[in-house]
Structure formats: structure tokens, C-alpha cells
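Presented sequentially are two complexes of chain A, the first with chain B as partner and the second with chain C.
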Partner chain A sequence: MPQADIAHSATGAAPSQSPWKFLRLHFEFARVGFVNTLAYRLRYYTGIVTYFIYVSVYYFIWKAIYEHSVSIEGFDFAHLLTYIGVGWIIRSLYFNNIDQDLAYQVIEGRLAMDLIKPVNIQFMYVARAAGEAVFRLALLTIPTGVVLFLVYPLRPPASWGNAAAFLVSVGFSFLIVAAINFAVGTFALRLQSILGLLRAKFFLLELFSGLLLPMTFFPHAVQKILDLMPFQYISYIPMLIYLGKLHGGGLARAMSIQVFWVAVLMAIGDGLWRWSTGKLIIQGG
Partner chain B sequence: MKRHWRLVTRYFAQYAKVRLAYKADFIIAFFSSMAATVLGFGFALVLFTKIPRLQDWTFDEVMFLYGFSLIPLGFFNVVSWNLYDFSELYIIEGRFDRVLLRPVSTLFQVVFEKFRLESLQEVVTGALVVGICARRMRLEFGLGDLFWFVVTVACGAAIYMAVFLILTAVSFWFEDRVGIVPPVFNMLNFGRYPLTIYNVFIQFMLSWIIPFGFATFYPTTHFLGRSAFTLYFHLIPVVTAGFTVLAIVVWNRGVANYSSTGT
Partner chain C sequence: MPPIIEVQGLTKEFRTFRRREGVLGALQNLFVREYLTVHAVDHVSFSIERGEMVGYIGANGAGKSTTIKVLTGILSPTGGRVISNGFVPYRERRHYTKHIGVVFGQRTQLWWDIAVIESFKLLKEIYEIPEPDFRKRLDVFSELLNLKEYLHTPVRKLSLGERMRCDLAASLLHNPPLLFLDEPTIGLDVVAKERIREFLKEINRTEGTTVLLTTHDLSDIEELSRRILIIDKGRILFDGDLEQMKNRLAQYNQVKFFLKDRTQIPRLAQIETDGIVCQRVDELTYLIRFDREHHSSAAVIRQIVNTLEVRDLLVEEEPIEEIVKRIYLKGEVA
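Entry: the complex of A and B
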């Protein structure tokens, strides 16, 4: 196995770049992400079916639960159904595969190509994922949304203001997920195969982001711990905004914490990347 | 038969050699996948802190069903790897030519050429959960029940195999560009909760079109002593046999229809 001895030049983005150049460059990465996904556009039709199945399973479970109670933890059935349905709709948007991409780069030995690019690798991956997200929005998120709103009695956002804040908040969700995926993906550089780890992360995010059920359903002690973690800012917080359960100071505070986590997680990802590329063996190449 | 058995052991030995080259890797894969499986229980665990029962199904019963569903799935996943990429690897890349040249059944080769041993973690996790729930409910497990347990697990794995074989065989007729496997794979989720919570349409579909109900729900009703589903329980071997035969017929038709891409 040829050993790549690459200094940290790869991690330090050219610092003197003008913001305009920076944007243009990353717009280009986003375009590449968009075009790459174009090749798989047919797969998105079944993606709609998959999301429909997920929501349907949970619809029936919750329906069975609400046969006996009007309201659980402050959610009546209509609220909860909207929480779950819209939660899955936005998941189709913020979801990305940065971790898997990184893992496959390592497995297939193409990582060297990333290392020679004089840009910040994390920004590059996030920009590419953003391009993909635009694609998903058109081919997956909107069609899934239309289908789910037609089939299930989902509610519209609480108000125009909430709708606007919700959209911004989902943007932050995307960045949080992207940063987590990048950080987890960097482990692929040290561990040869991380597909099991990725699977574990997948279920962890599903559960602790509030996608499957609102955080208030968790036992209090667990809630306290989860409050200190970034996960609930992915799904739970945007959905509270959508339902109008957060407004004014609470809303501003929640969204600032989202921004805080984006910054912290990206810094962690950057650190992990430096650490991982410190000693690196490229397989085969 | 004997020759086939020897071939399986050879295939497996080959796989084991490749896998053991990275021992630590295998152990990491096993335990991280197991963590993922355990997290899958999270939803039901959290939910039942708020509700006493799901319809008339208790916490232990729901967990028993979920745990049971993992056991046949785990066995199926050990040999299912080739089915997911079949169209890509065998049809488009043309590897199926090689399979046809050998004097052994094509189906046998495709299924046993690759393993995914870490999927046994699903069997382990499922069996543990079933064991714990059975204990908590004080279920009596006689020799007869044990026999049925083994039979229904085998039937469940065979049903999964049959369903995904039929879907895989579709790629003999047309390249599966749309990807029909993932949505059906996600339907496995339906089978993890009591069938009675769904509407009639889904109940019918999970019994007679994509019979996952016979792999998970109907077997568990027997062990949980719910006599309302006795008839369905006795139909398990029949449904399994029916779908297995159907899968083999479809597969053989597909093979007859195969034309190489020439690559």
C-alpha cells in the first residue's frame, strides 16, 4: 500500500480568498452535487413511496394510541400527526450522505483526490450536500409533501411568521446534520470500515432528533441530558416552530442554539479531520 | 445434496478467510450493528413510558413481536447481500455468464457466493429480547413450542427470501432503474407491530401479497396464546411453501430469459 504523506495543507482553506470567490467556488461544488444526483433521479420516485410507508406505519401506531386518550404530553392527535408527517417531509430535505461518501472515498482509495484540493474539505462536502438538497427538494421533499398532505389530515403551519422561521430553522437542521455526518465520516479514515457505526448513528439520530416522537415523551432525566446535545435541534425544534409551540423569545433562543451547534459541530469536524489526516494510509488508490 | 453442502462450506471458508484478514474490523462491525439494532427498540421503549398498552397489546407482547421479527430477518440477511446488488453486479457487469457456466443451480450460487455474518447480531439481539419478554410474561415454553419456534423462524426466513428473490428476478426482464427493493424492504417495518393496528387494506397486503405477516405477526400470536389467529398460524407452512415455489418458478423463468450484456 502506498503511503500518502500529505501535510495539513489540505485542511487550511486559502485564507486570503475574497468572500465572493469563496461563494463562487462553493456554488460550483453545490452544482456538482446537484448534477451527480441527477443521474439517480429515478430512484427518487421510490423514495417517495418509502417515506409514505414510514409515515403510514407511524400513523397507524399513533392512531391506535390515541384511541384511548385525547392528549398526551400536550399533543392531541392532529398535532402529533402533523409533527410526525411534516417531520418526515423535512427529513427528506436535511438528510444527506456525507458520512457514507467519505467512507466510500476511503474504501475505494479516492481520498487522495480530496486531499490535494486547496480548499476546506468540510465546506466542500457541505456545499455538495447542499446541491443535493436542492435536488431532493424538487424531486423528493415537495412530491412527498403533496402526497402526505393529500392522504393524511396534516395541518398547515401555525402562522406565516412561524412558517418563515420554520424554513430558516430547517436550513440550520441541514447544517447540523451535515456537520455531524462529516465528523462521523472522518472516523472512516482511521477505522477501515465504519458502515456499522453509520447504521448506529442513523438510528441514534432518528430517535434523539425527535423524528419518531417529541422529546417531551422521553423520561425527564433523559430529556435533561438530551437538552445538552445537538440532536433535538434537527427535528424537534423546527417542528415546534411549525406547530406554533415556540414564539417570541423562546423561538429566538432556540434558533440561536441551532446556530451555536452548527458552529461547534463544524469546529469539531474540522478538528477530527486534522487529527485523522495526521496519519493516513491510502488503500490501493 | 452432499455436493451442495460441500460447496456451501467451501464458499463459507472462502468468505471467512477474506473476513478474518481484518479481525478487528469484523468485531467492530458486529457490535456497532448490534448497537443500531438495540437503538431500533428505542421508539417502543420510550413510547411505553407514556402509554400502558398499544390497543390490547402489552409492552412485553409488543417487544416480543419486535424481537421475534429480528430472528428470521437476521438469518435472511446473512445470505441476502447478493440480492441487493444483483442487477448491478450480475446483470449489468455481466457476472451472471460465469454463474451459468457452472454445473450447479444458479440460484444456489447467487445466494451462497457472499455472506454477511455480522447480521447474526440481529438473531442474537432478537433472541435475547424474546427470552426476556417470555420470562417477564411467564410464558410456558414446552418442547412442542420450541419445535414450532424453530419451524416458524425457518419459515419466516424463507418468506423473506422468496419475496426478495421474486423482486430480484425482475431484473432479468428489465434493469431495475427505479429501485423497487428499498420500498418493499421498508415494509418490513409494518411487520414489527401488531397487524391489528393497521387498516384492512394493509392487513390484507401483509398477509397475501407481501406476506411479511406470516413471518412475524402470526407466529408470535401462537406463542403469546392468542387463539384468534390459530388458523393463520397453521397456514404458515403452506404460505411459505407457496411463495417459495413461486419464487423458484419466477427465478427459473428469469434465467431462461437472460441475455448477456456481453461485457
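Entry: the complex of A and C
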């Protein structure tokens, strides 16, 4: 049927994606992520309480520790409280579930539905998580921030410039976490059940991102090793920017390293994805 | 023109490990694993021409879905060569999937929590479908599949039949030359099945779309495809058209007859000679199944009408379900 064939989309033509089309498509993915999250609104109201409790626990712990000293490792109590409080506020934004999403997609045998679409799976997942992040910003991050700033004496950003750099830096934090989660999630394709692995990753990130305590509180040798890893660029670095402990050249350098890690981690995720799909087992059917 | 799909020696092995039973077995499993290799698909070869509609059937676990998954770029094979629409599916997944349509009857490719039309719009972006083409096809599909009422309903609220129609429309919005359907009529009622079959015929006729479908419902095959591929335990058992299959593999013909009245019943025994057995369907309806090689239909009919007074009489070929059942059970084409 040669005449019918002309009407069909051309075979062999590469998907010619202009940057504009790429953005529009991924904006659409983000929108779907946003709309899908609407169904789980309730989870976020309880989230506000959870985050408040976390910060309160750390408030009392650090208050007890600071009874006997004015400053630890260059942080006075007000600084440290802000570090912890704002650290949890931004966590509510950069946190995402790409790893779990992938794991469940594999467990429930739905990954095939992603694979039949001519899209970059990693970008699709990251875009969808970004849509969810916008949702969380409105329903979790901002309300949690308001509550915490009202209840505890948290400090504002060191300057307007720092505030702006801080916001951009949190954006990179989101991308770093998303890239790590995607990379870890790809293991679900080979191992089937990775929920244990995901728990391990969860605690690793909590500790090494600087969420629980600043990197300077770690032993020197450990700091040296962690300097070479992406984790502290998730929470520690944005918080240093917020507190005004990074500026000028140091700030530019820190944010460049964030960008570097986004690129490297995404490349690793892409490599792992290719490696895993070669050995894919789809559940069911 | 070369075939649109060429499969040569396709083999897919899965390595699963054998779980030992009990506590000791579980502990043993942690350290020493015994692997079993399962040949889901074993040196399968076939080719499909443009515009064909081919039915791909086999018992559960025969290797149908694995074949479809390799052909749609989801799985990479252990061995063999696959060229589909000019691509090696699993190597060039993103380029390849742009030009195929896929429906898995058991799952949906639509987004669960958003309205159907939103999913369609997202697919428009994914496949870069020009606006006028998108509008035109959406109109045609809405009409043919009767989608209008629930375009604005989230997928999770649709019934299975409605969802399947939406999935079918979704798979064809970008007008792919090649469509893969994995059990597209599973769980659907008669009317819904009929509508989907009519739609597929229409698309095949007007767009020349090549269709490969797996199914357990053989009436799908009878309605849609002239050609049938039967796979069992990973091997192709039969590849040819339906008529050919019936001619070659049907062993029985059957004659169904309706007696004029009860007085005829005692005389039934008289025709039960030479290995012919009457089966009772109801009081006045009987069925004779006979080997095609030993008896001719004409002879059997003559015997019946000479002996009995019958109101009506029907000669039927062995139903294709029966033929296929025999193939599945025997695991070979005799």
C-alpha cells in the first residue's frame, strides 16, 4: 500500500527536538506531575506537622548543647537554629520520590508503559518531580516556613543578594537529589526489590547532605572525603549561602560545583539506565 | 517493498534462580543460588508485510508477550535479529517508538489521574503531532470509538471498555504505520469487542496500518486477520492463513440435526455404525462428529436423511477453538 505509506509519519527520521519543543514537552510533564499530586493533598497537611516536630526536636537538642558554649565550629546558637530550621524548610522542596516511583513502576509492571514512549525517561521523571515540587512549595514549604518563622527565632537571609543566590542554589539541590534518586531507582530494574536500598540511601542523604548538622561538625578526615562527594551540595551549601558564610568567589565556586554535580549525576543516571534496560525484566504478562 | 517486520532466530532467555524451600533452603539461597534458564522465546522467525493484520496466539506463557516486548523495544533479546520499520527496536528505542503504536490490554498508557483529553494533548507534545492532524484524528476517533462523552473524565474513573477505546485512540494519534496490540479485547463485553474490531478494520483499510495482535479470543482472529501465528513453548508452531490452518489441521467435521419429533429417537441407534456416534444436545437436537479422513460429509448426511426424519440439518467445520486447543495440548502441529 505505497500511497497510504506517504501519509504515515516518516520512518527513520530522528526526533528533531528543538530546545523550545523540549521545554514545552517537559513543562507538560511537570504540569501532569502537579495535577497528579492534587489527589494526595491530605498528605501535605500532615507534612507540615511532621516538619514542625522535626525542627522542634532539634531545637531542644541544640539548645541543651549550647548551654555551655557560645559558639561551636563557627556557629552560634541563632545561626545553628536557622541552619536547621531553614534546612528543613528547603528539604520539603527539594525532596522527591523518583526512586520510589521507579521502584513501584517496576514492581507493578508499569515501566513498559514508559518505555513505549519516545521520551528520555530520566528527563520525564525529573520534570514530573519538578511539577510536584511546585505543588509542595505551595502546600508544604511555604506553610511550614511561616509556622517555623513565627514559632522560632529564625534569622532572615544575610542579604538580598544571598537570598537570590540561595533560591537558585536550592533549585540545583532539587536537581542533585532528583539525579541521585533516578540513578538509585534504576537498580530496581535489575534487582526488582530495592526498598532496602532506598532506606539506606535515605539515611545517607539525611546525614551527608548537612541536613542534621553542618559539615564542619564532622571529623576533618571525613570532611575531606565528603568534599569530593555531591551530598553536601544538597543542604549544607545552600544554607551557607543563606547565612552569608559564602560570598563572592566562594559562592560562585560552590554553585558551579552544584551545576557540575547535576551534570555528572545525570550522566551517571543515564548510563545506569542504559545498562539496566539491557537486562530488564518486566513483571507480568 | 521489504517486509515491515523481519524477525530471524529471535531468542529470549530469562535467568531466574530456583528458590529452595524452608528455613535452611532460604539460608542456602543467600549464599548459593541455583539458576534456571527459561527460554521464553526460542529461535522464532517470521516476517510481516506492510498492511497485514496478523494474529499472534499461544497459551499463557507461550512467549507471545515476550515477542511483543522485544518488537516494541522494551526488552532486548538474548539472540537473533529483529528489524522493524527500519529500526532495531531495543537499540534505537526513542527513535523507533516514535513511529509505532502500542496497546497493552492489561495496562493503560494514559495518565491515571488526569482527564483523557489531557493525556491526548500530552501525547501530541510527545509525538510532535501538528495541531491540524491532531484535531482531525481526534475527531475521527471520537466518532468511530464514541469517545466524546468521557474525554473530560479522568482515566481512573473509566470502565475497562471505555479505557480500552481511549488507549486505542491514544496509540494511533500519531498515525503510526505499525500497531502492536497485546490482548486488546481482554475482559470486554461483546459490544465493546465488536466496536474495537470494527475500528481496527477501518484503520487498517483507510490508513494501511500494519497490525500485530495477540489474543486469547479466537473470534478476534477470525474477524480481523487472515494470517495467524501460533507460538508454543517459545517456538512458532504454525504460520499461515486461517483457511490454510483449517484445511490442514481440522480433523473433524460435525453435523448437527434436528429431529422432526420424538418418534424418531429410537431410530437414532441405526445410524451409529462405522464409528459414528450421536451426541445429544437436547431432546431433539443431536450432533455427529466425524473424522474427515474416514467419512465424507455427503455420506454422513445421506445416512441421516435416509434413516431419520429431520426438520433441519447443519454441517459445520471443526471450530477453530478446538483446533487450537489441540495444538496447545499436543505442543506441535501434526
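Quick note on the criterion: the second predicted complex is superposed on the first by the 269 of 285 C-alpha atoms of A that agree within 3 Å, B and C clash if a C-alpha of one lies under 4 Å from a C-alpha of the other, contacts with A are read in each partner's own complex, and residues count from 1 in each chain.
Note that a contact is a pair of C-beta atoms (placed from the backbone, for glycine too) under 8 Å apart; a residue touches a chain by one contact, two chains touch by 3 or more.
Quick caveat, the model's predicted, so the values are computed rather than measured.
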item: Touched partner set for A:115, first chain B, second chain C, both or neither; value: second
item: Partner chain(s) touched by A:228 [first = chain B, second = chain C, both, neither]; value: neither
item: First (chain B), second (chain C), both or neither touched by A:277; value: second
item: Partner chain(s) touched by A:150 [first = chain B, second = chain C, both, neither]; value: neither
item: Touching partner for A:70 - first (chain B), second (chain C), both, neither; value: neither
item: Chain B versus chain C as contact partner of A:213, first or second or both or neither; value: first
item: Residues on chain A lying within both footprints (that of chain B and that of chain C); value: none
item: Chain C contact footprint on chain A (complex, rising order); value: 1-2, 4-5, 7-12, 14-15, 17, 21, 24-25, 28-29, 32, 35-36, 38-39, 109-110, 112-113, 115-120, 277-278, 280-282, 284-285
item: Touching residues (chain side chain C, partner chain A) in the complex; value: 1, 14, 50-51, 65, 69, 72-76, 85-87, 93-100, 102, 104, 106-109, 111-114, 118, 121-122, 125-128, 174-177, 182, 206-208
item: Contacting residues of chain B [partner chain A, same complex]; value: 22, 25, 28-33, 35-36, 39-40, 42-43, 46-47, 49-51, 54-55, 118, 177-180, 182-183, 186-187, 189-190, 193, 197-199, 202
item: Touch list for chain A against partner chain B, complex; value: 42-43, 45-47, 49-50, 53-54, 56-57, 60-61, 63-65, 67-69, 72-73, 191-197, 199-200, 202-204, 206-207, 212-213, 217-219
